[in-house]
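Two complexes come next, and they have one chain in common, chain A, joined by chain B in the first and chain C in the second.
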Partner chain A sequence: MSVEAQQGIATPRIPAGLGGLLPALILIGLFFVVPVLALLLRSVTDPAPGLQNYAALLGDGTYARVFFNTFLVAAVVTIVTVLVAFPVAWMLAIMPPVLASILFGIIILSMWTNLLTRTYAWMVLLQRTGVINRALMGAGIIDQPLPLINNLTGVTIGMVYIMLPFMILPLVGTLRAIDPMTLRAAALCGASPLAAFRRILLPLSLPGIAAGGLMVFVMSLGYFVTPALLGGTSNMMLAEMIAQMIQSLLNWGLGSAAAFILLVVTMALYALQLRLVGARRTTGGA
Partner chain B sequence: MKLIFAGILAGLMATTAAKADEMVFTSWGGTTQEAQTKSWAEPFSASSGIKVLQDGPTDYGKLKAMVDAKNVTWDVVDVEMDFAIKAAKDGLLEPIDFAVVPKDDLDPRFSNENAVGSFYYSFVLAWNKSAVSGEPASWADMFDTKKFPGKRTFYKWSAPGVIEIALLADGVPADKLYPLDLDRAFKKLDTIKSDIVWWGGGAESQQLIASGEAAFGQLWNGRVFALEKDGADVGVSWNQNLTAADVLVVPKGAKNKDAAMKFLAAATSPTGQAKFAEASGYAPINTKAKAEMPADVVKGLPDAHVDSQINLDMNYWAEHRDEIATRWYAWQAK
Partner chain C sequence: MLLDYDRLGWLKAALLAFTALVAAFLLLPVVFIVLLSFGSSRWLAFPPPGWTLKWYQELFADPSWIEAALTSARIATMTAILAVTIGLLASFALVRGQFRGREILRGLLLTPMVLPVVVFAIAIYAFFLRLGLGGTTIGFVVAHTVLALPFAIIPMATALEGFDKSIEDAAIVCGASPLQAKLRITLPSIRIGIFSAAIFSFLASWDEVVVAIFMASPTLQTLPVKIWGSLRSDLTPVIAAASSLLVALTLALMIVTALLRRKLQT
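The block that comes next holds the complex of A and B.
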């Protein structure tokens, strides 16, 4: 992050020439804007013109519950991810560079491993007869297997694991940009470590938390594989419901409407965050 | 820019337009599609010279998208029969050319104007012997959590099977199952809901039972057959085994219709069916196939358990598919 941004001086940048942007704009138009418009169109025309798909979605208790679940899971995952990622990012930021780059390599490597493989690995670990429950029962700590899978716990564990790199990376960038002298100055002025964390480190790292948090939250909203495998049917998320509508029920109008509502809500949240945290801080953190 | 797009388009067209001596077969992947490739596609290619490209897994949404967009890249697709009946009504399927595909020996339960049987299977009650004391003998036992404690696993998706199981367990006679009393079925399912672990695919069902994660469950007989072959310690009850079928269909506008019909003839032939049954443990839909199969294989097929067999009503399901699915998913999400 630049000094300018930290001080909050906005410097609007006007693109030198729109011509250079054209390929990117065409790409976005062709592969993002057009499909979204087609989606919107389908949601109000299939099977018949009108808003009946939206009425069906918003008027039904089941769909409302699935929407609620989706946001609940995304929120829980985001919060837990922040809590786990922060110490790791801090460690990475203050580690000797060689060690840090090795640790970075390990974190990035996990991102390259197939998502399904990783999720299945969690199934093996978390299930009733899985490694964790067997170990705990063998050690006499529990009598009955803990319900770690097919519920919110399983989804949270699996998704936090997958989302961690997306939180750690922007956070490390932010933390590294913080001048270590600020913390030393705080200590010299008599601040306890906790106070220094709360009043210096945390506020300064907020842009990174906001950037990572938003990314994790938005990605979680549309997640499919992990909730489908580690969750139970009673915490079904929207992506799974949309897949059912499209693949099994072949009700594309309804599926499109659900997808469009998710998109609108996500955009609204993004706009809200821009307003609260400020565009510079959200995008400038990484 | 234009050049690039033209290039991409040309590339796409080249890959989608299969040549005259090629066709695409799509099924569910895994052991089932391997058996189909070995039993049907390879001998068919050898005798006809038509190359069979494998694709998958079957995806009803994709099938509809292809037909809607008039760009059908699948020529023969393995689908569940209730879907086939519904899809035919929606105009998504080509009629079968019975001048090419011999019809006489096909089990009439599993073929119609737009579909020929692929194989038929039974839902059976299977359990992990080390996780269960005693032997569950009927679907009612799966709802008796006192006598048989532990998790039970059922098929996750809205499809023929679980509703019928709940009704049978609740005492509905087999010949009075249809029309399905959904209220009664869901009420019965409510009694064990917290003990249910759902399986979404065949491999998952095997893993759940083999590991003891679920003590018992409703499984496809072919998957139990494979578990037994692997030496897993599983028990199986064929009492009230519920039959359903996969069928082969040709999507409307398939590019290699002629080759597809010839493929169907080979796949449904007595030899093709016998070989597939031997490899998969699923039952043949050609009534002459059994004569070509070893006796011990015949013994393990759903055919050997006709007395205790109940046919799931595919026509009823095709008719009420959406209505049941809506309630099913709403109930699950509760």
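The block that comes next holds the complex of A and C.
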């Protein structure tokens, strides 16, 4: 019995070693790494070997506009999302459990609802004859319907809606980890609420804001569905342009090159985000 | 006292009001779409002039909607099974394995979650065109499993990290084989993680739009592709009816999750 037991522990178990990773590595290697590398190869060989696809993308004003637009939308969406998410996360972190669980339920419902469903709802709500325009005109606030869709406003509303849970949920964790005693101490020492917010609460939650904000920014950069449905032709974003180059124009060389640029930017920002989260972990533990 | 709910003073009222507004903003599209699906106006007038079930009748009378939903359910189920199986094996290796480059491999397996889907979509589309897998169920399942794998690995690896391995060792000391110990001790202990992994990977496939748009063929369409196509042509209330059913499904999943979690935790 005891000999058996010792053998049992001593024998290397298959899932404990590298073996268990094999199926996952085969799947990711064969159907993720290889196709992406093949795409990158195509960007420098299609239609002829060389860097002409990249030269075309980076040298042309039309494409430059798309790049600029992509960064603009991602930046606006990130800023609005952070500003809206912070007070909500703050309340969520300290409100009574019953209220908090209702609010969590609403956030999860919105997050789990089909992406196209949510975008469809915004398309109907924001259109010229939509509910929001009618309500505003009915209330006498505006005379003409506001252009809320097929422009930056529409994309921003739709994207902020999608990104909010991704910002709120991690921020709640950051805020809950802050020791309330630090703020009590500040109040005891005579700090006004504003000073306590500016000098204690905000700095302590900054790592969470930065990490979440960067994640929202990265996700927004490569977003396809919402900008394609709520945005206009004059403010096309990179992901939509890539899809169009492949699907409608069948220009694989140019599309692959644009995809590679998106990949490099995303991965660089993601690496930065990982370092931020890592930094938060080490400082948070101290 | 900024982190003390009962001593926030006037700030509390302001912050609560703002939070309530955001909650309303988050609920608005979901509630609106459900109401709209029962409205009688073809032109989506709101509030609707009357109430009707005709959009649901139209939805169920159209076999292409039913077929798209069944296709989605089939692909999502297969994706969830594959992703949980492969992910479970990988989680054991990532959490317990002692080998060099473990963190790099973990990063590699989670990359599909970070890379913009459109990049993966055109890459796998081109790749499958060459292999002759474009527009096939297998192609869909493989592509969706790649995307779902991170969502399967994260909850299971987290659960496994929180599991005390000495309990498994105790079972082995008492005569269980390593495999028996895993099947009868470890897996039941991390079942919440496995269950979350199954839900997340099912949803990752069920809601997936971008890869599906590229991969779909006239004979094989998932539900998101069907909705996408209808959205681009017109905003018919039939989409609202289909969307409301998806909202109902989400609610059902949330309730099942909450109930099961409560049951599994006790």
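Just so it is clear, the second predicted complex is superposed on the first by the 230 of 286 C-alpha atoms of A that agree within 3 Å, B and C clash if a C-alpha of one lies under 4 Å from a C-alpha of the other, contacts with A are read in each partner's own complex, and residues count from 1 in each chain.
By definition in this document, a residue touches a chain if its C-beta (ideal position, glycine included) is under 8 Å from a C-beta of that chain, and two chains touch if they have at least 3 such contacts.
Just so it is clear, the model here is predicted, and its values are computed rather than measured.
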| item | value |
| --- | --- |
| First (chain B), second (chain C), both or neither touched by A:256 | second |
| Which superposed partner A:267 touches (first chain B, second chain C, both, neither) | second |
| Partner chain(s) touched by A:23 [first = chain B, second = chain C, both, neither] | both |
| Touching partner for A:118 - first (chain B), second (chain C), both, neither | second |
| Which of chain B and chain C A:247 touches, first, second, both or neither | both |
| More chain A residues in contact [chain B versus chain C] | C |
| First, second, both or neither for A:96, with chain B first and chain C second | second |
| First, second, both or neither for A:65, with chain B first and chain C second | first |
| Partner chain(s) touched by A:34 [first = chain B, second = chain C, both, neither] | second |
| Chain B and chain C contact sites that coincide on chain A, given as residue numbers | 23, 127, 129-130, 246-247, 252 |
| Residue ranges of chain A touching chain B (in the complex, touch as defined) | 23, 26, 60-62, 65-66, 69, 127-130, 150, 228, 232-234, 236, 241, 244, 246-252 |
| Chain B residues within the chain A interface of the complex | 1, 59-61, 64, 90, 151, 156-158, 197-198, 200, 211-213, 321-322, 325-326, 329-330, 332-334 |
| Contact footprint of chain A on chain C as seen in their complex | 1-5, 9, 11, 15-16, 18-19, 22-23, 25-30, 32-33, 36, 43-44, 46, 85-87, 89-90, 92-94, 96-97, 99, 105, 108-109, 111-112, 114-127, 142-143, 145-146, 149, 153, 169, 172-178, 182, 203, 206-207, 209-210, 213-214, 224, 227-228, 231, 235, 239-240, 243, 246-247, 250-251, 253-254 |
| Residues of chain A that touch chain C when the two form their complex | 1, 4-5, 8-9, 11, 13, 15-25, 27-28, 31-36, 38-39, 42, 84, 87-88, 90-96, 103, 105-110, 112-125, 127, 129-131, 134, 161, 164, 175, 178, 180, 183-184, 187, 193, 196-197, 200-201, 218, 221-225, 229, 239, 242-243, 246-247, 252, 255-256, 259, 262-263, 266-267, 270 |
